[in-house]
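Take a look at these structures.
Shared between the two complexes below is chain A, which has chain B as its partner in the first and chain C in the second.
Showing the complex of A and B:
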């Protein structure tokens, strides 16, 4: 690809007096064996604006969204004077691609009223005078991204300055830009985060899983089956018993047998009643007082006897002692009243006095009289005896009644057995009853087992199945997560591999190209044999024997040329045959190196558009060694138009002849 | 001291002969008495009742007994002591007298069991039987 011509209208300092556009010739197809275009001019004369115009033309808003700042200030003033509102800006790049010419036209409008752009810039590409359908696609197909385009359109001075300031950071930045490692790293980080989330989700779900439920269900079902078997066995037993029962009485039992049956049932009930009664009796605590039931008559008699018995001498003496201690010094005697009250007579009192004022109640205190104590003891036990007599009486009454009934029933049973004189029948019936009892027991047992199956086992199984279902759902969920995780892992692996491969590939390619460039640029190729940048972005210059030079062994000039070699190596890696537009290409390079570098670059036949400063880069010496490669020589001038603003203009010069720097003209 | 419980004697005694011991244990179990002393007092009560209603009984003197319940755990000791002292008017050796009553009752009980025991199956039936045998229908009032 060659950039043939650039046409600019109201772009930065490029203002056309005729209000059309300025043309900047970039490649003369008549001299296609020479590939260097020189744009010579001091700082501020519009060299960098050419680079900016090319990038805006190709990429528009993607390159610079605030492109309204590119508007030519003179044109704004003139439009204002014309009382118009809109300034039209345009950059047109005519390029040659595989023998065909294309016109890439970028245009935009600037609204002077608010100082804003009027919408987005517009792109159109003409081929043979006709616009092509997919102009954006054309740019995408033939140019790298705007970021990578900066490896073709750049300021060499700026690049080297940044490299000197932060070598590894700068290398890393360039490499990452080239291979998109930063984006890849972001993606890898995101994928790793996603993986962690998947793992977390899986763990959380897994913690809710109950475990070996299937086995628990199996055990329960086995238990159920066993119980169902037991029911069947009972069923068989019942059927056998029914059959045997039927064998005993082919027809239904006779009235006698039925009567007999009723009596036996009654007997059983009564026997059960006596057992219950006895149980209650045993629990009633009467038994330890059964002696009182016999003693109550003895106790009753004892109380009567004691009450009638005269007071003994001992008892009298005991009573006297009590009375004496009660009287003390203040009383002279005791008066027994008509109402069985007992009063103390004060000493000196006249007991025949009618008012009896000097009497006081006798308080005998708590001392026990012997007779009284014995009587009290008897009375206590008399009371206990009566109570227990009543209790036992009730039990006995119930018991006697039940027993009487029982005896009667037993007697009747015996009588039936005797009157029928059919002991065989009686035995048969006993057997019949036994079978009935067994059947009843078996049926009850069956019911119990069925109930257990329904209420416990089946409920447990249902609960377990629900749990199992939940577990299975959760397992499915985990499986889905695992699948997603697996997919993410694959993507992660691919991303990591891609990063490594890209990096390895890039480094191998860049190292190779840069080394070739270095060897063709420096004189001492044994010493400066190759450039090696490792995966940690460490920059090394190696000797022919493979040993790396120490930093102090590389002077600034050699370092710069090595770095430039690396930089060109990067752009070569992009494998785009597009022109280089380089600001100040020789400004920082040592004499000798610059010549060899340019010679080396020229061999690639890529178009090289150099913006050079006269007197610094563009000198007699440099012109002489550049001359064989110069395709076009442009000189950039500027003037103050109508005393308003500086505007730039370009003059194409003879490429074969040196132009001396005329300070007055600048 | 005449008013000291059973004149301060230590323990009530129960039969020492193996045969008697076996019956004693069996009767206690069959009648459902919680303690041995309950059987002892029940036996004594039988004789006291019989004498009260006018039956004259021979009571042995040389009893073959061995020590059993301590007096302080014999809750109804005072009742029996007072009966022996006040109703039977025995002033000395009252515990020995009580033991004679127990032993005489024990013999009666043994006899009852020999006659009725095998047919009777429950505690209540045994007591009803014994009391009916001793007191007839007087308990039914």
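Showing the complex of A and C:
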């Protein structure tokens, strides 16, 4: 591959006054036998911008996503002055590939109002004036990745500086990157991460497993079996009872038997009720208080009569006898009030014991306090008597009703016939009813157990089975993860072993390439015979006899040559032959070594685009030994445009002739 | 674009796999993983581990 021409518009310092592209010739196909392009210019004249333009043109946003920083500042000012908003930036690389020309065009727009790029950059590739369909695929097929591209477009001064600062680290970094070990390392790291992810997955699933569900199901099933046995036992009991029932009555008991039994039961109940009523009557205070009740009634009547008409001596005596006998043990007398009220005096009452004499002497119309007390006492007993009278009435009513009913039932029994046969039938019927009751109880119990089995135990078992199923699925999942983890472990082991074996082969190969490069560059090939990089990335220069040179035995120049040999040796691991674009290729090299390195590189026929500093790398001497290889000679200049900004421009010079310059004029 | 070194790694990998039981299967997976990493060089490491796991899982499902 050759880079033929680069055309830039508004890219970094490249602003074109005529609003066309700045053209930089990179390869003259008329001078195919010469492979070096020189871009000469002091620092700040746009040499590195050429490298950046090539990379942006090929890789766009992947190379540099903030490419709005590449937009030429002068073009922004000019657009502002024109009162427009958009600046277009473009880089076009014309390249030759297997005899065919391709135009790789990268463009992007910049909005000066917000200082932002307007979307991603756009790529189009033209072949014979026609755009090719898969421009991104074209780049992928013919160029390495952006990372690996730095082995083709680089700053030699920077590379050597890093070598000198950290030799082993730098070597390791380059080898790993360029030969793909870094990717293998990344793969190993990722596989180790994957193992951790599988562990995490396992732990998460494990935390959801309940465990010991099988035993719980077993217990529930045993419980269910016991209950089902109980149902069967009940069933047997029911059948036995039905059979016994049938022994009593082949069909159902006759209505007569049923009626007789009911009447007998009713009679028995009623008899029991009368006994109960009697018992309750006796237990109550009705009997003992009856005397009081009767007395009250008698006295009340007597008073009423006395008030209505004159009393004879017989009447009075009779009444006195009655009262006296009625007062009995509890009362000692009666107190008659003026207003037809009567009061019983309780025997032993305080009024009587202490105030009797006074009372006799009293005018019954006065002595209200004592009288009130006596009246109150009487009222209390009167009240009690009324209550008892009510109770008695109620008992009496109940008793009468029950007795009446009992008489009726007894009569009915007598009518049916209170015979032995009927009594036997009644007993059988009672047994029959007892069996029926037992059957009903057993059936109810059966239903209850069945319900418990269906609504509780079976539901629990189903839930537990679902849980068990989930557990088993999760266990299977864990097992699968374990197997995947094992496989990942194998993948990891293979990757590590691959790295080990590959590095041995690789280092042998790199050492061989670098050694060849070294021998073709240095003068004393017996002394600087080979380069050896060991598995710890230790860099050694060996003599022809196999002995390694001490650090102090290698001068800086030879060391730089050795390292550059190693560096160029590495790029052979990349498949495609693409041009090298190198900043400051000779800046750090000692005179003599630079010449031999260039001679050696030229033999590969790879296109070499060198950005060189006049006076330091480009001198009369270096031009003389470079001359046979120079394909194109460009000179980079800059000028202040309309007093605003510096802009760069490139002039193609005669490749055969040295350009004399005054360094102070730059 | 694959590198010559990358090709050599794949070859070494194949050689190592051959010493392993079911080496062909492991080699196919590893090749796929290596190519994935080569194509996604800017992928962050955590999402890369996840995509590697996805590839292994998908291989597993294919084998089921």
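Here, the second predicted complex is superposed on the first by the 351 of 666 C-alpha atoms of A that agree within 3 Å, B and C clash if a C-alpha of one lies under 4 Å from a C-alpha of the other, contacts with A are read in each partner's own complex, and residues count from 1 in each chain.
Assume a contact is a pair of C-beta atoms (placed from the backbone, for glycine too) under 8 Å apart; a residue touches a chain by one contact, two chains touch by 3 or more.
All values reported here derive from a predicted model rather than from experimental measurement.
Undergrad: Which partner chains sit in contact with A:118 here, chain B, chain C, both or neither? Use first/second/both/neither.
TA: Neither partner.
Undergrad: Please work out whether A:548 is in contact with chain B alone, chain C alone, both, or neither, and reply first, second, both or neither.
TA: In the superposed model, A:548 contacts neither chain B nor chain C.
Undergrad: Could you look at A:497 and tell me whether it touches chain B, chain C, both or neither (first, second, both, neither)?
TA: Once the two structures are laid over each other on A, A:497 reaches chain C alone.
Undergrad: Scan A:184 for contacts with chain B and chain C and give back first, second, both or neither.
TA: second
Undergrad: For A:277, select first, second, both or neither according to whether it touches chain B, chain C, the two together, or no partner.
TA: Once the two structures are laid over each other on A, A:277 reaches chain B alone.
Undergrad: Quick check on the superposed pair: does A:399 touch chain B, chain C, both, or neither? Answer first, second, both or neither.
TA: Only chain B; A:399 stays clear of chain C.
Undergrad: From the superposed pair, tell me which chain A residues show up as contacts to chain B and also as contacts to chain C.
TA: none
Undergrad: Which stretch or stretches of chain C touch chain A in the complex?
TA: Touching chain A: residues 1-9, 12-13, 15-17, 20, 26, 29-30, 33-34, 37-38, 41-42, 45-46, 48-50, 52-53, 56-57, 60 of chain C.
Undergrad: Quick check: in the complex, which residue numbers of chain B touch chain A?
TA: That would be residues 2-3, 31-35, 38, 41-42, 44-46, 48-49, 52-53, 76, 78-79, 82-83, 86-87, 122-125, 127-128, 131, 134-135, 139-141 of chain B.
Undergrad: How about chain A: which of its residues touch chain B in the complex?
TA: 274-275, 277-278, 281-282, 287-288, 290-295, 297-299, 301-302, 305-306, 314, 370, 374, 377-378, 381, 389, 392-393, 395-397, 399-400, 403
Undergrad: Touching chain C in the complex: which residues of chain A?
TA: Its residues touching chain C are 62, 140-145, 147-148, 178-181, 183-184, 186-187, 189-191, 193-194, 197-198, 480, 484, 487-488, 490-491, 494-495, 497-498, 501-502, 505-506, 572-576.
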